[in-house]
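Heads up, the next two complexes both have chain A, just with different partners, chain B and then chain C.
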Partner chain A sequence: MEALDSLFHGFGVLLTFHNMALMLIGICLGILVGVLPGLGGPNGVAILLPLTFTMDPTSAIVLLSCIYWGALFGGAITSILFNIPGEAWSVATTFDGYPMAQKGEAAEALTAAFTASFVGSIVAVMLITFLAPWIASFALRFGPPEFFAVYMLTFCSFVGLGKEARHKIIISLTIGFLLAAVGMDTVSGELRMTFGSVELLRGFDFLVAVIGLFGISEILLAMEEHLAFKGQEAKIRLTVVWRTWMTLPRYWMTLLRSSAIGCWLGVTPGGAIAASFMGYNLAKRFSRDGAQFGKGKIEGVLAPETAAHAAGTSALLPMLALGIPGSGTAAVLLGGLMVWGLQPGPLLFVEQKDFVWGLIASMYLGNIAGLIIVLATVPLFASVLRVPFATIAPMIIVSCAVGAFAVQNAMFDIWLMLGFGIVGYVFKKIGIPLAPMTLALVLGDKAEDAFRQSMIGLDGGLGIFWSNKLVGTITTLALIMLFWPLIGKLFDMIRGSGRTPAGAASSETSRP
Partner chain B sequence: MSNDPNAEVDPALVSTRSVELVVMALLLAVAVFLGWDNWRIGAGWAPDGPQAGYFPFYLSVLLGGAAIVGIVSVLRSVDLRDEVFVGRSAFGRVLRVFIPTILFVFLVQVVGLYVASFVFVSLFMIVIGRLSPWKSVLTGLIFSGLMFYIFDVQFNVLLPKGPLEAAFGF
Partner chain C sequence: MSFVSKRAAMLAACLSGLALTASAALADWQPTKPIEIIVPAGAGGASDQMARMMQAAIQNNKLSPTPIIVTLKGGANGGEGLMDMLGSPGDPYKMVISNSAIYTLPLANKLPFDWRKLTPISILAFDNFVLWVNANAPYNTAQDLVAAMKKEPEGAYKMGGTGSKREDHILTAAVERIAGVKFSYIPYKSGGEAATQLVGDHIKVNVNNPSENVAVWRAGQVKALCVFDNEVMDYPAKVTADKSWKDIPTCKSQGIDFQWIMLRGVFLPSGVTPDQVAFYQTMLGKLVETAEFKEYLEKQALKPSDLKGAEMVKFLEKDEALYKDLMTQSGFVATN
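Right after this comes the complex of A and B.
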């Protein structure tokens, strides 16, 4: 197996003292980021990105991806102990996790959550190990039209599969694209939408946007909602861990189902949030005593955590193989690649073997290390939440400012971050999703370049996007995704039954 | 809101409906403005493909269209009418963190990031959090010192510095 050889090579790259130390630091920072309100996967990674500018890319990605794993683990701690989801994808974990903690089974719930996360991501990493090189080698044949079609597919599935109102998703996407277009046009060198401002000449850096949209706005929301942390005690004894692990094989079906859902939704940009809700709902439907869900059932913790973690991990698959991130955090990591001078996309597998396989190997090791660390340090991180919010809030704001400034050493970016903070606050409250904007901001230039390169010499005809089987299939798929809600309705009408499509399973997202 | 059993005593400052209308109207204005600007630099086809303004122009059109749909759907929606965007005291709390943040950024420009973050953290804890002064000052000091050690000493990330750092020769 070629993939296995490469993987072992990756472990070789990874197993240096330096990289292992970075991994541990990353996981601890990540758990902290996941636990603290106002810091999450995307902006946690964005804030710490400047620290890696001087590192070599492999060490940098190990550090940052471990922050990501840590954040995924950390979200469960607050959901179960405090009934406050640290991340949007942990909302479904609170449904049964908090009741379990109230019953005095916090340790069982936490063990179940962490183990489920671990299982979910290991399944997803295996998927990446074997699928990513294959997709990448396939994608090497892609030209500009194919890439544009894939971008189309990404954005169309956002619109078609998103839970928010369609026009709000489109608003979010177009704003992202427009912001990405500000500055110098890469093809003609003309200035666009700068209005004579020198500061705008550089364009909008998406890291600044991410930090403002997710970090500052989260702080404002947390302040508004008057967060008071009244948590359950947390201490995990080894015997409890063991006992919980012994019961897990009984739920293999739940774990497997949630992993599959997570992998699927993670690859298509619907993301971890949708996956966690879907995992929960399906587990409830298929469980023998579904009525007990919501009252502290261990399956209700296993299902969403497995799915969320599988989705969060598999979101890195399209990022690695195609250069198209499947989630907000993956988008930030992609931004990191560009900063370190790597060109994301299928060529990465050919030209940067050490980097790619080091990253994939770090996914295995990072999750194993993460599981152990998080089990051992729960009381420590739970106590972080007992620190008054008035202490944590200014520190988070300072960290955000540092992150925003360090991207381009520009004071203007800190002001911009505050502006994005207000935008994020208002948009979240009126239900305009922020993830599409981030993704469009990252991919905007590349999508436009791909479009214009495909169009060179053509007189505005769109036939190029159906010029061969490959590009035609992807484009058609994109259109199907775009009109998916309509198609779903049509199917139901033909069948004559009033059933809702499975994808629309009541996945109400409430804000964390 | 009076018939809602979960209603808080916090009176509404503004309804979601008004905010959403204003946002949609603003987006429409932005879309028209950007559309015009891109039309100006050329949104058609040059012999070698689309002109610089082509892509952003059609995006502006799309944004404008979505904003119009937004306005219509807000006007037609009945539930939004009673939804509270933010209550008075809740908004007060938001301002209590946002205004100090703005002051902090101003301070960064004057005295550099490290001193500003010391002042910000300490004062925020004392004034907003009503925590004991000596604990607050100590926390601020440790935090700023740690930031300086991590960013300046360990990772060579240059952050804005002021007269104090200069006095110590950094």
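Right after this comes the complex of A and C.
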């Protein structure tokens, strides 16, 4: 097979001492920035970009992409240990990862998260290896109506499948939409809700919101409740990794489903964040004991991590093949490609074989090396929980502040982060879920643009969302998701079973 | 959205800058700390690419004794970066790479910005605009396109471009007036998006800059009909299998007599001293002579420029008047 030949050629390019050393350095740095809440892959890549100007492009991309893989792995660590997502795409990992850590199963959760990340990435890389040209042409079929349908599917699956009360999910979503609308409106070219403030010109960055809503609010709650992290009593041995692995094969369906969702949303720029939420929600819906989700179920860690990493990895494909970055990190890498003298686009795969296949080979090796490194450090990270709260909490707050500042180099964002922290605290108290708000903040703006772009032109009307098979299928699927509780009830009535309807058993929050 | 950490970038720039020795520049003023290039645009866009190229060229050729940092401030179509420059009077360590947003933002959005409150250094290049259609489209000239459009109802043809009430939108409106046709203009977030949407046949036409469409052009996915300039682009080397930039005819020769070019220039904040200005003009003067810069111009098919000082101000005033006129005609100027 031609793809295999090219891949082996790529391994040949990669397997020099120099490139392997760069790969390891990249992964270690990546894990470091991934662990720190707020600092993420894009920062890590941007920091090192100037150093790569004099390198050859293959070594440069190996170093930078390995930072990305490292950050993808590292993001899960604080989500599980402290309920504070290290990266925006690890928000869904907190839902079950943190309860597991509280039960003393931090090491199991970490192992599951890392392994799931690995599986997701590898599936996505295989997709890139064998189906890149086909996927690139598939992505071209997406115009504004198709994009909107994908975003709507994400939102609808949230409302339809969420475990909280529907009205609370919708309240949270709407606030997210409102905040996402601040700043420049693409379609009208007007400024909205900036009230003459220069700071509001750039709108609300979801990273700042995530750091505040999840990080700061968690510290506030911890201070109020017990001034300690639960789960310290966990016994941590390296054999945990092996034991956890033995349990994983039975979740093959979850892993497969999440990989598929991730690849899909990574290629059509829904992104890793949307993918992680969708992976989680669908796993919960289709799991045999979905009611146990949110109480520390290993599937709840596997599903979002697999999806996020499949999306994060496959997001590189549109960047390489179309020149459209599928994620923040991909955008920074795109700038790098230009400096190294490469032109992303359909011809990159033809003209720069060494580079493209070297990069793809580095995705395989980088993820394997990354998995080994992070698994070896599971006991180390899990033992962080034994450090007294009073020592670690200030460190987390400082890291959050640095992260919030680093997004836009703006002092204002640190105040914003604190504001979001208080909002997050109040919402957790009154049981309004924070995840829908985050999702709306990430995708709201894009969804609005896509909807209004669809409405422009002579064919603009709601019918455009059923104007071809692709968009029609996605839109219909979205509506099914939205009305799933009703449809589920209907099924139950037909079957005459007395099962509790999905909507009624809504426990308010994930907090114990 | 910007993900670049200034502090972190400084650290990296220091690391990479350790090797730099004192510059050979003879200006009286010399920077003693890192110079920041403000990019009023998102990561990966044309301004970001230009900044990265400048960073690499300045560092590789040791044109500055201190390192260069790139900071992205792309909020509000670049308004964030411009307002930041406005708020840093007397700071000689910040330069901004700007485009026509310096006119459109104050006019369309009433942003309290005026380029006269900055110090113009030089215009490094001009970007062209080309009329592009999908490779499978039946027309090969602008006349063909206009004739085809006149057979359909108004607005049947979708035109995609970057943002609303900005250069692509203004150009579209001008073409509509001159050719007597009507597009449905769809604003996208970036030129790259407009490029792939054209390839996917979701829009019929776009007016992307050469650099935004070069990748899909070379792959044979789009066709270039004409360039909105008074003369053809001066790059005779073949870019696609059989066409060079020079082979694209002017739109003037195809019945759409309209010139539309966009500056890519450098400004410092207000209140900088003449020897600081001299340092930057000398540095940028050397920059445009570097191999990196020349290669960059050719790759992106940019028009070289050496406008600086009073000549640059004269150009900016004329250009701004043109924008104001066209935007008023199209109803893009904010009234309330």
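As a convention for this text, the second predicted complex is superposed on the first by the 273 of 512 C-alpha atoms of A that agree within 3 Å, B and C clash if a C-alpha of one lies under 4 Å from a C-alpha of the other, contacts with A are read in each partner's own complex, and residues count from 1 in each chain.
The rule is short, and it goes like this: a contact is a pair of C-beta atoms (placed from the backbone, for glycine too) under 8 Å apart; a residue touches a chain by one contact, two chains touch by 3 or more.
Bear in mind the structure is a predicted one, so any value in this text is a computation, not a measurement.
> Looking at A:I456, would you say it contacts chain B, chain C, both, or neither? Reply first, second, both or neither.
In the superposed model, A:I456 contacts both chain B and chain C.
> Answer with first, second, both or neither: which of chain B and chain C does A:Y68 touch in the superposed model?
Once the two structures are laid over each other on A, A:Y68 reaches no partner at all.
> Using the touch definition from the top, say if A:F349 reaches chain B (first), chain C (second), both or neither.
neither
> Give one of first, second, both or neither to describe whether A:A401 is in contact with chain B, with chain C, with both, or with none.
A:A401 sits against chain B, while chain C stays out of touch.
> Between chain B and chain C, whom does A:R192 touch in the aligned arrangement: first, second, both, or neither?
After superposing on A, A:R192 lies in contact with chain B but is clear of chain C.
> Can A:N409 be said to touch chain B (first), chain C (second), both, or neither?
After superposing on A, A:N409 lies in contact with both chain B and chain C.
> Quick one: is A:P50 in contact with chain B, with chain C, with both, or with neither? Answer first, second, both or neither.
Both partners, chain B and chain C.
> So, does A:R141 touch the first partner chain B, the second partner chain C, both, or neither?
Second partner only.
> For chain A, which residues lie in the overlap of the chain B contacts and the chain C contacts?
Dual-contact residues (chain A): 50-51, 53-54, 185, 187-188, 190, 405-406, 409, 456-458.
> Looking at the complex, which residues from chain C come into contact with chain A?
Chain C reaches chain A through residues 1-9, 11-13, 15-16, 42-44, 48-49, 52-53, 55-56, 59-60, 67-68, 71, 73-77, 79-80, 83, 87, 108-109, 111, 153, 155-156, 158, 163-166, 169, 184-190, 192-193, 195-197, 199-200, 202, 214-216, 218-219, 221, 295, 299, 332.
> Which residues, counting only chain A, touch chain C once they are in their complex?
Result: residues 39-40, 42-43, 46-51, 53-54, 139-144, 183-191, 194, 198, 201-203, 205, 322-325, 328-329, 331-332, 334-336, 338-339, 341, 343-348, 405-409, 449, 453, 456-458 of chain A touch chain C.
> Which residues of chain A touch chain B in the complex?
50-51, 53-54, 165, 167-168, 170-171, 174-175, 177-178, 181, 185, 187-188, 190, 192-193, 195, 216, 219-220, 223-226, 388-391, 393-395, 397-398, 401-402, 405-406, 409, 411, 414-415, 418, 425-427, 429-430, 432, 448, 451-452, 455-460
> If we count contacts the way the header does, which residues on chain B are in touch with chain A in the complex?
Where chain B meets chain A, its residues are 16, 19-20, 23, 27, 34, 37-38, 41, 45, 48-53, 55-56, 59-60, 62-63, 66-67, 69-70, 73, 85-86, 90-91, 93-94, 96-98, 100-102, 104-105, 108-109, 113, 117, 120-121, 124-125, 128-131, 139, 143, 147, 150-151, 155-160.
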